[in-house]
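The letters A, B, C and D name the chains in turn, as written, and every chain counts its residues from 1.
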Amino acid sequence: MAGSSYGKLFQITTWGESHGKALGVVIDGCPAGLPLCEADIQVFLDRRKPGKTKISTPRKEADEVEILSGVFEGKTTGTPISLIVHNTSQRSADYSEIANYYRPGHADYTFDAKYGFRDYRGGGRSSARETIGRVAAGAIASKILETLGIKLTAYTRSIGPIAIDDTKFDFQALAETPTCMPDYEASKKAEAYLEDCMKNYDSAGGVIECKIEGCPAGIGEPVFDKLDANLSKAIMSIGAVKAVEIGDGTQVASRRGSENNDAFTIKDGNVTKVTNHAGGILGGISDGSTILLRAHVKPTPSIFSPQQTVNKQGENIEVSIKGRHDPVVVPRAVVVVEAMTAITILDSLLVNMSSRMENLSKVYKNK
Amino acid sequence: MAGSSYGKLFQITTWGESHGKALGVVIDGCPAGLPLCEADIQVFLDRRKPGKTKISTPRKEADEVEILSGVFEGKTTGTPISLIVHNTSQRSADYSEIANYYRPGHADYTFDAKYGFRDYRGGGRSSARETIGRVAAGAIASKILETLGIKLTAYTRSIGPIAIDDTKFDFQALAETPTCMPDYEASKKAEAYLEDCMKNYDSAGGVIECKIEGCPAGIGEPVFDKLDANLSKAIMSIGAVKAVEIGDGTQVASRRGSENNDAFTIKDGNVTKVTNHAGGILGGISDGSTILLRAHVKPTPSIFSPQQTVNKQGENIEVSIKGRHDPVVVPRAVVVVEAMTAITILDSLLVNMSSRMENLSKVYKNK
Amino acid sequence: MAGSSYGKLFQITTWGESHGKALGVVIDGCPAGLPLCEADIQVFLDRRKPGKTKISTPRKEADEVEILSGVFEGKTTGTPISLIVHNTSQRSADYSEIANYYRPGHADYTFDAKYGFRDYRGGGRSSARETIGRVAAGAIASKILETLGIKLTAYTRSIGPIAIDDTKFDFQALAETPTCMPDYEASKKAEAYLEDCMKNYDSAGGVIECKIEGCPAGIGEPVFDKLDANLSKAIMSIGAVKAVEIGDGTQVASRRGSENNDAFTIKDGNVTKVTNHAGGILGGISDGSTILLRAHVKPTPSIFSPQQTVNKQGENIEVSIKGRHDPVVVPRAVVVVEAMTAITILDSLLVNMSSRMENLSKVYKNK
Amino acid sequence: MAGSSYGKLFQITTWGESHGKALGVVIDGCPAGLPLCEADIQVFLDRRKPGKTKISTPRKEADEVEILSGVFEGKTTGTPISLIVHNTSQRSADYSEIANYYRPGHADYTFDAKYGFRDYRGGGRSSARETIGRVAAGAIASKILETLGIKLTAYTRSIGPIAIDDTKFDFQALAETPTCMPDYEASKKAEAYLEDCMKNYDSAGGVIECKIEGCPAGIGEPVFDKLDANLSKAIMSIGAVKAVEIGDGTQVASRRGSENNDAFTIKDGNVTKVTNHAGGILGGISDGSTILLRAHVKPTPSIFSPQQTVNKQGENIEVSIKGRHDPVVVPRAVVVVEAMTAITILDSLLVNMSSRMENLSKVYKNK
């Protein structure tokens, strides 16, 4: 397996290149009986679409999803759901030049090193368009999680040096700002920062955060398939991510135990925690409090200022990337982080169903 | 599968509880023909042993490994290698008290939430003793990597607020300091810091770094099984880790593209990079330069100062943890990080063998 | 995972229903650098097409394959190959009646029992049209095997009571007869038998055989993933198959050891066997001689004579199946058996690449 | 993965060689809360022990199982169960001679072809002693199935030409006869036949049958992981098995559809079948009636009469196998077939838990 599948029971397999005929995903293991239509998925895909504002690429990508299988009379059948998005706006001419050299910060060189050659059009398989399949599958996972009372919220924490103010967290801002920041003021500043980047033919990075509320305690496997381990893989598998944090993340390393431990307490008859430095996961298993993760995203490698690199003939050359590129990928990657998180949480919930003898009785004796 | 297995072709399965009869690992998929004896493995296990210095638990753990299968006449046979370490020094009495309450920062509560009950002796399966199997398997993976010219070095970057000075990196210090810091001066300061923690019935966290040198370009799969995604899972699956970084990690988020891109250049006829912000991985695939990762480790949750928590009867109580605990797990976790990294790199190398038609010819036509 | 994926390194995932928009397959793990075009695949799909002769359903199925990804400039790129076949000739009206009852010998009842409801149009996911994806993937696997000198031949051994005469094995007959029998005379008799079945509103079963020549010795894993175990799963996963034999199969049970053992001998300097009762596999690993397997296929369950069954209201009823059905599925299933065998052999070859230290050197030191 | 693991959620990994220090199995994914002790497992292992009668090898194998992990206070904890059986009676001297040649019908040659060398003592990893781990794991699976009202019965259907009479099926005979035949008369004849084989320095094969009663309808996945496909792999992965049948198996190929279809009927308000040619599985999914499978076992390849073979120097030689060997493996393999069946059925039940939205609610809303 060349690693285009993810998930143990809710398994997704993505396929497609940036400038091929289409991109898509096959979801195997979606429980039967979920009401599902294309609009449920399209709303997620629209969140990753470019071309909405001046801070994203002017490329128009229709990215309309079509359900090819696995849904009958408006409900999932339990068999594979095949989703397809046709490529429509790709201009291959933009990319023909890069066939012969290796763009810094891109996977051109490593694909050649691995496979001997590559589909160079728009990055081919290494293009961020691959995430279309992830987002489409994530829409379905999210819909199932909702039925169990589990709610995900992903948003931009920072772009370049501009971060949100947690005390001003505003869901409407999250829905409306082009940055996906839940803070109008920070978003304005970030937009100004991005305009400055663009003016300088440069690009920016940032931080995405995702909260999972309502996840029951007891989800995740205690050793290699820890919930945080699986989340880390899911998030780090997104193109430009270079670091993943759970809960207080990097901050824990310089703390003392007395500062970092979360005291347990009884609240309304339930076990709960006074603080949540752990980010909702203890020993790889959810503890019932809010799960929190953060992804650190590098600046878009495609910049218009001249760069040193090499060509396939082994010569040092200087290049200036052309084409239509986002000055920052963070806002469009927010829904990708949310999707990968949803898929991971759902898969863990499904795997966990068989963890206790009493769950077997619930399913097989009630039938 | 309850997630006690890791790896696709070099697959390890660990088992055992802190206070059970023994712990171990089964390694399936180790190539045949590798010279292997118990000493090769013991040297790795000795690096994670406690009781060597005053900054680690006074528990004596013999942790002598025995090869039960998979090796014949001094060489691996290609069949499963079963390794066992008998538990000898466990004093269950130390732990009987914790059966009834949930230690803050530990997995006691989440195990109960998942399984309905737990082996409470010394943390049972959630104990750091589980990593014995990982380290033993990592010793074998490292030995194979060595034959391919791939060398791993893991070390302590920081403990609490005390970090090493990169310009003073010293392999002898790494081998000799009780902190596993490759810097004598920093180590001395860290020891003093830890003594202060202990004096205050408290504990410390830290950062572990791992470098992989000599990994060929082209290793790792481009989508979900990205080399950095798999490494993140591997490292985050280690007990106390709360954040993982690749290359410059969290720093990339506030940089501009022009600062973060690594220019390619030709050196001695080979494609190489002028800088290595990416940490040796582009698009999930190794680029031939040094791979670098960092794990952020939380302070030991077992502290002797009194803490608030709840018991199984649903009452708020105050507890003081007893027993023999490390004031910091970082120095002992260094070899665990190295082991999980070695296993991941080797597994990626094995999976990558079938990535090109020409590799098939090399193996099957030369036979 | 709901089991729509097969293979460890050469992994195929099929999707699609009989009367949905399309059917397809995603192949992940195909080595890069294989010349591939749609015609390579279409020739296999044409072998499973119905409507060619009077002994198959008069349904016309165009079944034209389209490559959506994974091929660039005429060669596989190493990334997922997505193949699609649009459904064009489906007449759902034919099937609306069966929505309410359970056809004997079909999966209508078991799908309802598993999922709570089903896509009843033409059997939905349980339709033999699902095998389109398998055959398309098998075409690619076969092309790779050819480059390694491995050749597969599948054919009809018997239909109803009519069997081929091995001494008259004729490749031209195999290519030309509507029964896929490599024996013109037997085929004529089988055709007459099938006409008799049709006249009586009845159907027939039969036996398919597959030979693999040129497979090197040493392929297959010794315990659960024995080559014959994996082949058995692959073949038994084809709809109507009820028994699988390797080599002399069921005959071995009544033999004595002295009759069944294959003596080894040296021929042209190589280890070879005097006989091949074992069918080319010893201890789950190929021995270098011809691998032979047999699939026993049940008669088509869709027959026009009246049958007893029950409806969803829990009433006993009598039904007469309508529609366009093959009187025997064997000739069309021959290429499905060949495809599943090719996929299994190729996957075993890829997994086996990492079985020896010396293979690692071949791939990584020659780079 | 070198294929020593089996199962998706109830995953077993076996290890150990015939003449190594020990053999064992790690079971990952056993639901928590099952009462379990060594006696539960030992009773299964005792059924595969040799040395009980004159028709089995005079080797004494104590084969006492020890639970090393995963059980606490008499119940499974949900974490890996590690089981070990120490090798005690192995006489390596018996086997030293075979180091240099390839025994006909054994895996000596294929192991060398695959790995370059082999542990030749008693067949090493290819020894039937590998099944100890399977049987131990099967005992646990069977215990879980029992709690769900699912009962397995495996027995010898025939040895050489001697078959049982179904009308005389007798559970007491099954428990008492050395042949594991549920028919005293047939067993007597089979014993006489075996004595004749032994007198002629020869061996016999036979057929094992397994019935699964009480399995709910709806278990198994519809495409590659069909219940019968997984059972076929499980059974064919047992050393000497050369054919697997489901239900009427090979007989279906020569039948007409009207003879082979099982009519549905309502009985006591439930959907049931008038006949069971299908062996309880339709479209890869259980239909609620008795599941029936048959394994065809080859005669023991180790026979004392002289045989032609080759040595590692490439010379044709004549050999006479020495040592202590069963004249037939069928009676001892009965419990292995039962164990592999139990593991497969249980794993399918666990995977099936997530097949419907309503099952998710049962597990997560009732919590």
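Keep in mind that, in the parts below, a contact is a pair of C-beta atoms (placed from the backbone, for glycine too) under 8 Å apart; a residue touches a chain by one contact, two chains touch by 3 or more.
The structure presented is a predicted model; accordingly, all values stated were derived computationally and were not measured.
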| query | Can you spot which of A-C, C-D or A-B is a repeat of the B-D interface, where more than half the contact pairs line up? | reply | A-C
| Longest centre-to-centre distance from subunit A, chain (CA-based) | D
| request: Could you tell me the distance, in whole angstrom, between the mean C-alpha positions of subunit C and subunit D? | output: 26
| note | Per the C-alpha means, the centres of subunit A and subunit C lie apart by a whole-Å value of 38
| remark: Whole-Å distance, C-alpha centre of subunit A to that of subunit D, is 44
| request: Mark out which residues of subunit B touch at least two other chains, giving numbers and ranges. | output: 1-5, 8-9, 14, 29, 32-33, 78-79, 114-116, 125, 216, 222, 351, 355-356, 358
| said: Looking at the complex, which residues from subunit D come into contact with subunit B? | reply: 1-5, 7-9, 11, 13-17, 20-24, 26, 28-30, 32-33, 66, 68-70, 72-73, 75, 77-82, 84, 114-119, 124-125
| said: Show me the residue ranges of subunit C that touch subunit D in the complex, using the header's touch definition. | reply: 1-6, 8, 14, 102, 104-107, 109-111, 113-116, 125-126, 130, 158, 160-161, 197, 200, 202-207, 216-226, 228-237, 239, 242-250, 252-266, 269, 271, 274, 278-279, 281-288, 296-303, 305, 307-310, 314-316, 351-352, 355-356, 358
| Taking the complex as given, what residues does subunit C use to touch subunit B? | 8-10, 29, 31-34, 78-79, 144, 147-148, 216, 222-223, 349-351, 353-367
